[in-house]
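Going by the order they are written in, the chains are A, B, C, D, E and F; count residues from 1 in each one.
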């Protein structure tokens, strides 16, 4: 199985971290086709960063599909361009937020999310609503650290996230916590062990879900919302090569 | 990986069909521990049938866990006893309705469900609401055939379901269809091919999701809703052996 | 009028307390047919306890119907098996949570609920959502005392509940409070008097609602969701004797 | 028990019909204090009619409270002025729409409503939403007859309503039907018998609920939303005499 | 353009303040037809005050329409009688709450509302829900000052509101704040400047929206909900002169 | 007042049509700064087209802001990039869908939307949900004509839209209809006259709303969701020149 994992921002060190998490998650026999988007912002913090990241990411998805990708993972917790990506791909496209939330509702009845910057809180709240998490998503919390600062001092990042996990357990009765940034993936296991709270990482969840969907032979429905783009000047070719 | 697949009703021929679908879905290296519940109704059509099926099913889950099950699949589309099962198991428990809907929202933006009897329509509508499908679940349709009649004449069943799939496509713009009964699992592939609409079967989806969760090492959160039952007369032992 | 009040757990002292509340609530001319379920957990704290309690409770409902019950009250605040009970009974079945919430929204615009254990909080939140309380249910609070400990020291229980009522008034502006456990029924009047907040007990509410429905001559609709169970091996007989 | 039943419109023949339904619904020992509002529109069809009806109705509620009313029933299906009435009364105030819907969700899982004019459909839809009926209220239907034409030819009214009940059963699977106008109350029993669908009348439901609330000794919460009006020029006196 | 601005309460000094805000908001060429309702409560604090204010307000709207009003602004934040007013007017009717919320969701993604008395909090919460603000309305806060006390000491009022704005920013991340009382209109600009938070006043918003709707030539739809009242004794004339 | 109206697709004839509608909508003294995005798809039909259109559109917004734009109108009914645009602009940004829906809920209580292609139906349904239209948006209808075919034969387009408006009136009781494509703007008046149903065009609504917001002196909140982009490689400059 060949899974395309795309980091929509242009920071290679973050891609590397995502790649390590994806590789650890992958089953034997799975190949991770790891890509850093080019010409996109160095991190995705807000709507404009997302908007700039999406067109190169869609091109990368087309290219990966041509290389034989059997599923795609968008490794940014805002799930930027997820619906658009489903339009331009024949194979399943998975957002790490949607995948993580699907795991969270299977393992727990009430969970919280811990992200980086406060400006991402409403974005993720709206995503959780759109994905139907409803009351099950108790709260979205922020450690108030920019995305790229996460990997500067992993111990500090760990401490900040752990503090929010403990607060989520104590204040809102969270039964599990979802990490709200792809750049937190490598901290997942240690956080689970040290806090005693099940911590869920979207990169891992998405890679596993990709394997599951490939194994089932499912492809994106081309009847309606995710139909191939219509042919037009300036648009994507209606069908992948 | 060892996955416990339990048919909560007591009809062995239906278990056999579920087993064939589960086995086809499973990856190499996965063992399906297939069980028919005993002392439960011969089919599950409505709330009372569900209620009678759950206690034996929970006992079967405990027994399977003792035999080394690493995840459990409840192979009935009403997801009977799903929350209770999560309380009595350390490992993940997956309902085929919840699993199928998670696949449906990944592959499409609008889908319908086709089930057996009209009396199951409100039950499944409420499940879809509880799982957050919202507007994405366009409609729950019924072919008006009892569960056990499904396998009496598979060609007739196929024809009835196919007619509803075409109607779902035409009338409510369904982009995918979920089969709303475990007894329909074997028809899935043929229906997809003949209707041209992606058709999703919950047994397949749940087995694959079980493998994914086992692979990630996740277990049911024991902090809150799904904590072990409290010790008491007449209750389950607080923790599995 | 003959009203069947069933305590789904197997603790006779709790049944006795429920019986005192039911009797106090009943009008002249009403007979309370008070029953303790047999073979069920000694208290209902979580989903698995509920699941184990329901089949014996359904059998008790059938038996009571044969004895001439004109309505049934399920005296556990989780409303376990409420839909199933409606399937197996011709006469109305009332859950004390649903009945209490119907009173709460008639007397106030914003209310809170006080229950026993924290693990019951999400269960009751989901019930309140399912019953459409929405924003009117401000919060579900727990005193963190097991159900059976309630009656060990009624003064302590009273103090703990009163403290939560005051907090609900102060912190979330609750205009009324619903007692979230059948075992709290006898404290209702004293709590209202001492806190100055209208306190609503579900046993009382359900008995009165039962009288109202009997008086109107209404019976459970057998057209659809609550139709008699279909005839099958291992299921309930399709219709009560 | 003394229950004040107020017809907010000024048509005495309609009050008489409401009175007959209320009297039939009342238990032995209950006195119906039946009042026609004065100076209000002759029927309530839309928002402006409601607005004009409410101030005289509130005055009538105050007057009835002074005469010893222990509960109030607003006998118009739009529940006009329900929240305001709760402010000016110490005793419970019941709207026939809210009461009927509480009965409907107890007896069925999916119901429809049949009202008079199409212009009332969105009004009642919004009420059902506000009361949390959600998906349980399948549809609001109109027979397209003005309120006062209902009693001109009761056989025709019966036939029109029966036709909608049959359509509700057939088209949206309604398991029960609520009559969406106080002027339909007397047709309730005959409609149930002839259609085989449980038909619910709000006047009956409200009178019985009033008895239940009086019996429990509950009063409207004066802590918050329904607190006595503040003292001011042009307003109601803060507390009833 | 001639815009009718009606203060539904009978306090002339408050009308004067509303008039100053309306005049400041109006474009050159716009005439503000400023009216104090007569025979209504001196302030609107709760449901009963609203109910008493509406009929005179509707009469004022009819009168203003006859004088040539091209749109109407109801200058009370509870939007009393808004739907009824739309029935009796041919031209657009704007509630200051609905108008302010439309501005708030255009300028921000999360906002809070600051009103006068705690008893208005649930009223405004329900309005915000009905208008679809959903999660975007973070919280409704109260300064616990009666409406008429607002103008007694404008500096104190300013200080109390400013404190709530700062709290809304700090505690719930409000990105903008809506003033939840027409009597706060004149404080809007100073509050924005001193708190650094965009503060939105409904009177200003409504006057500007009225100009926009007049400019577009839109009128209230008379097809359905807001159709002219039906002709009847005690009702409004079906159509304005 | 200077209002920047941007057509996010690259078809100049469509921009011209939008410009004519915008100019007709504008008050005396308003300058329309009309721009066609460059390097974007020739029409926007689906998520991928949207994604490709947004980055050039954001650049155009920055450029227009530098030229003195006091507000921006995104003239595509999917409101592509609306949140991102609010991040990169100091002045208000208005989407024609959001603006049209705000007008629709002011003039009516139930409305429908008529768009071009069926694939846009779920997109617009989700927008209407996100904007809180809820039950007020009865249905989204499609005439099944590509965006660019609209202007090929305006009489045919008119006929197709008129047929859907009549159907919306008849089948779902729509009280008003919103045109779900910027390319329909010029048909608005004629459709209103010929169908008798109020028809709302988003371009007109947005231009008028822009004037209103400019007149009030409001600017986009920079506290939270729509804060300036953070400084980073590949991102927008944190603040406009």
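Methods note: a contact is a pair of C-beta atoms (placed from the backbone, for glycine too) under 8 Å apart; a residue touches a chain by one contact, two chains touch by 3 or more.
What you are looking at is a predicted structure, and each value in this text was computed from that prediction instead of being measured.
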Starting at chain B, what is the smallest number of hops through touching chains needed to reach chain E?
2
Joint neighbours of chain F and chain C, given as chain labels:
A, B, D, E
Check: interface with higher C-beta contact count, A-F vs A-C, is A-F
Which chain has its C-alpha centre farthest away from the C-alpha centre of chain D?
A
Chain pair repeating B-C, as identified from A-F, E-F or A-B when over half of the contact pairs by residue number coincide
A-F
Can you check how far apart chain C and chain D are, centre to centre, with Cα atoms defining each centre and the answer in Å?
27
Whole-Å distance, C-alpha centre of chain B to that of chain F, is 43
Mark out which residues of chain E touch at least two other chains, giving numbers and ranges.
83, 109-110, 118, 122, 126, 173, 224-226
Chains that touch, pairwise
A-B, A-C, A-E, A-F, B-C, B-D, B-F, C-D, C-E, D-E, D-F, E-F
Help me check something: in the complex, which residues belonging to chain B touch chain A?
25, 27, 83, 92, 94, 98, 102-103, 105-110, 131-134, 136, 169, 173-176, 196-198, 200, 204-205, 208-209, 211-213, 215-216, 218-221, 223-226
Touching residues of chain A toward chain E in the complex: what are they?
118, 121-122, 125-126, 129
Can you name the residues of chain D that touch chain B in the complex?
109-110, 135, 173
Sites on chain C touched by chain B in the complex:
9-10, 39-43, 45-52, 54-55, 58, 81, 83-84, 86-88, 117-119, 122-123, 126, 130, 146, 148, 224-227, 229-230, 232-236
